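Two complexes follow with subunit A in common, the first pairing it with subunit B and the second with subunit C.
Our next item is the complex of A and B:
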């Protein structure tokens, strides 16, 4: 079995920690992690619940391959109703925390209620208890990790925590583990903060046992690792340049959203790219990038570890930021950079460090800054209201705004509510570059048509990781499709969405899909888990997860009108590049997508679809 | 015609010494094909993965047939990905 068959239920109101058996019937239908935790959530909460109320629940979950020798098997997910989106949220993180949960003997932790005072959960194998966190409240994620490790005199304790952003209920607060990995999106950190839960600290020494057919699992994982190693993307491209290598690619293609999506190409993209991170700085002769890094069990190692320029204005008086730390990854570099017109690599790293330190999603934070800068340039927001001049391109403004937001000070409190609420407050809701109130990632839907449909229909709001059609439309994985056409994109989006659900539910990283197909994953799951895990079943599981999430959102009050893009992407054509003159064709793609999904024209799964999927 | 060639990631090693910002401007006869334009750079075939002309992808089999024009930008990457 790939599962430990054990769930920890933590009632924060009562202060109890109670083990219970994993529902194996559900595991058989939803596999694990994103799928299985979402099933628990759907069964246990009212979809209309206020995300920040005690009635919301938050589930941390592993998959059957988490903690095993499967490559990238270190993932865990946080499933809840999202504070930012009011939709189902599933935020996925790497690092080492997920594997440690598995080593301690647990598949999943369900948090319910609200603690009357700040607490953290400490788990040491079978022992689980809530401990007072009064001394941790107000500390950053980095300080929290260090304090807990010192307290328990065990540097191998793995910790996830919220920083000031989560404590202050910033709606894009995330949960940071292992210093610079994060369950980043949809405001899961705000949900954790609303429960007065500061951190979860786990020490597990049991390892993973009970793999159903170990010789077959050894053979399957070894073969799959060879596929990753032999593939030019996962074996060479990602370790060497990381995700950041996309900055110049997407800019050349005219799909790099710039200055709150006013433009699709950024004239300073080269200065904030992977190539720039490899160049020696004139100030100290050192490169920004120090090394690459891997999460638990990963044989790709795409992570970036960098050192900021100590002479940069943002840190010259703050030595604590001078050490090597995480970043920049492509999404953060884009959101903090091109989205605001900021071409100062060191400023982006500073903002990224603060996002990691204080627990904020850099995508939503950066994009919200972009919206604020546009409001400022339009004269809707003034220097007096913001507290500083905030034109597009101002690195100084970016660095100041990240400090204000991290500490919940002044205008930072408004930024912490995200771009949708900010723009609505100032009478220009259409300037929020978001879907379901979650900000866009780093691909402009005018230059990459399919990703526009993926954004619009994503169950957790705008997201590239729910259906990464960029792989096909830009990179030719598994086959090249034309990014400028809507033709064939509904099928492509559905296929990516369903397959991603399986990768997520298994507990592995979706980046493996640059080399693996489901046919590479299936033997690993089959060898690890009891029961039938054929390709047909996995396809069904992926589609089932998607439709279950959809059903939750519909019950929460969302509808087809929420499957839409901001008017800018549908009416303001791209000004430059291959997509010049194009808008996104989401309105043409959506009816066909609904039909392919077996949904009504209003986006509601038909009875026959639900029956076929066992929902 | 004047052509801008951009070689990114590991391919930057194949640019002439002293090249900056991953690019070099070269003069070629009007109508030179993508394959012919890249030949002087001696790029390994297995690393000539993503080829864009003015941002538009040119498939492998069309590179010997695709003619370039004055002012075009030819950009090339090895196998890469992101997210």
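Our next item is the complex of A and C:
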């Protein structure tokens, strides 16, 4: 039974921590993590709730494979109603925090209400209590982890926390754990901040002992690890180059969104690529990249640990940034770099470090800077309003704006509201490169058609991790499809979306799906969990999760018109590269997608669909 | 032939598969807090270092034990704690210069690496070859090979 069968309910208003049994009927229908936590959320909150009100709840959840030797089995998910999106939010993170929650004997923590003053939750196995966080409020995520470990005299404590961004309710604030892993998207950190919850610190020494069939589990996990090791992407590309392996590839495809999606290729992509991180710098003769790193249980180890150039203008007077730290990953390098036309690798790493330190999603932050730079170039925003000159390509502006946003100072406050609200405020809503108010990640939907539909229909707003058709359209996984056509993409998007739900619900990393199909995951779940976890059942679970999230969003007030891309992607053709002359064909793909989903032309699940899925 | 655990920290990614395997072998649960090998993350240097008992020849822990609860496993050379004999006095934990013998409050005994009776699970679980189990007389072989390869002598046919 991969689950601990135990939930911790924390009422922040009353200051109570109460254990309760996990609803096993729901676990059987939704598996765990993303699926199971979402089920709890939709059952417990009004979909129309203001995300930042005490009536919203925030759930941190593990999956049945979290805390086990299943490769990448260290993930946890934060599920809530998103501050940025007003849709269901589901952000997952690696590192070591999720496994520790499992080792302490819990599957899930449900936070409700709002604490009258800043607190942090401390868990030591069965013991759970809220403690005063007055001395932590105002501290960065990094300082918070260090302070709690020192205070408890226990360096083995694992911690997740919010920084200034979450405290100041920046709408793309994230929750950082283990210094540089994050539940990054949709503003889950702002929800945590709105509840006056600074951090969760866990020490677990009970371990995971409830695997249903340990010999079968060891056999299944060992076989699956071999598949990862033997695969060119997970066995070689990701360990050596990290996700940054994609920078030059996507640029050559003409799908690297540049300068707020004005362009699809970035002339300086090479300078911010994985290859550049491996090159010796002229200033100190060292490479930017120090080493790769793994999250808990991960046999891929795509994580990047780098050292910034100490002579760079951004840090030359700040030795605290000189040590090795996380970054750059592809999404951050793109959002902070190409999206703003900035080709200075060290400046990107500085911005990335501040995002980790203060708890901000670098994708949404970077893309919002891109929108601000376009407004500046159009003369809509002035130097006086921003406080500095902010043309595309300015590394100085990027570094200054990340500081202002992290600290909620001046124009940084406006940036902290995300690009949709920023562009609307200045009368140019169409310049926000977002879906459901969440900024795009690093793939241009004109050069990769299927991902456009995946963005438009993603339940948490624009996102690559809800249906990563790039795997098929670019890398040929599991089969190669033509990125420049819309043909067959609705099926592809649906298949990826449903399968991803299962990976997320299991508690493993979606990057395994470069090598694994559901057939590789199924024996691991089946050996760990009681009950039937056949392929048919897993397909059903994935589709059920998707439709449940959809139902929540519809009840929250979203509709088919929110499943759309900004006009730029539908009317302004790609100027260069293989996709030159193309716009995204989301309007052709969407009706077919709805039909395949068993939804009405208005995007509402039909009664028969709901019945088939047991919803 | 006796074998020895050989650790190359440069290859460690910090995934903790070794800690999971060790704890599972000895406790039946996946529980890094009970692992006899620990991975240390020097995060500001970007270094991760797995560390465990070196099985000293003249072992401080064994010599210090007042009840002779630590004995040599003749097959592997491991210094092994006889749980039935251990009285939990903790003297060995003080004697060990490396900190690799630790007292477990829940069982009231000390625990240390026992090489899993000759099949150390940490080594077989390590995905990167950072932990290997090699000929105890030739732990330097890989390093010798590395230097030998640098000799850069052209082959000449006889």
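Following the convention adopted for this analysis, the second predicted complex is superposed on the first by the 615 of 615 C-alpha atoms of A that agree within 3 Å, B and C clash if a C-alpha of one lies under 4 Å from a C-alpha of the other, contacts with A are read in each partner's own complex, and residues count from 1 in each chain.
We take it that contacts are C-beta pairs under 8 Å (C-beta built on N, C-alpha and C of every residue); 3 or more make two chains touch, one makes a residue touch a chain.
No experiment lies behind these values; they were computed from the predicted model shown.
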Subunit C versus subunit B on the shared subunit A, clash or fit after superposition: fit
Touching partner for A:596 - first (subunit B), second (subunit C), both, neither: neither
Partner chain in contact with A:237 - subunit B first, subunit C second, else both or neither: first
Partner chain in contact with A:248 - subunit B first, subunit C second, else both or neither: first
Touching partner for A:475 - first (subunit B), second (subunit C), both, neither: first
Touched partner set for A:330, first subunit B, second subunit C, both or neither: first
Contacts of A:555 with subunit B and subunit C, given as first, second, both or neither: neither
Vertex subunit A angle, Cα centres of subunit C and subunit B, expressed to the nearest 10 degrees: 80
Touched partner set for A:577, first subunit B, second subunit C, both or neither: first
Contacts of A:607 with subunit B and subunit C, given as first, second, both or neither: neither
Subunit B versus subunit C as contact partner of A:510, first or second or both or neither: first
Subunit B versus subunit C - smallest C-alpha distance in the overlay, whole Å: 18
Common interface positions of subunit A, toward subunit B and toward subunit C: none
Residues of subunit B defined as touching subunit A within the complex: 6, 8-10, 12, 21-22, 46-47, 49-50, 52, 54-57, 59, 73, 75, 77-83
Touch list for subunit C against partner subunit A, complex: 13-17, 20-21, 23-24, 27-34, 43-48, 125, 127-128
List of subunit A residues in touch with subunit C within their complex: 67-69, 71, 96, 99, 103, 156, 179, 204-209, 211, 214, 225, 229, 239, 290-299, 301, 303, 305-307, 323-325
Residues of subunit A that touch subunit B when the two form their complex: 231-234, 236-238, 240-246, 248-249, 252-254, 270, 274-275, 330-331, 464-465, 468, 470-471, 474-477, 480, 483, 510-511, 514, 577-578
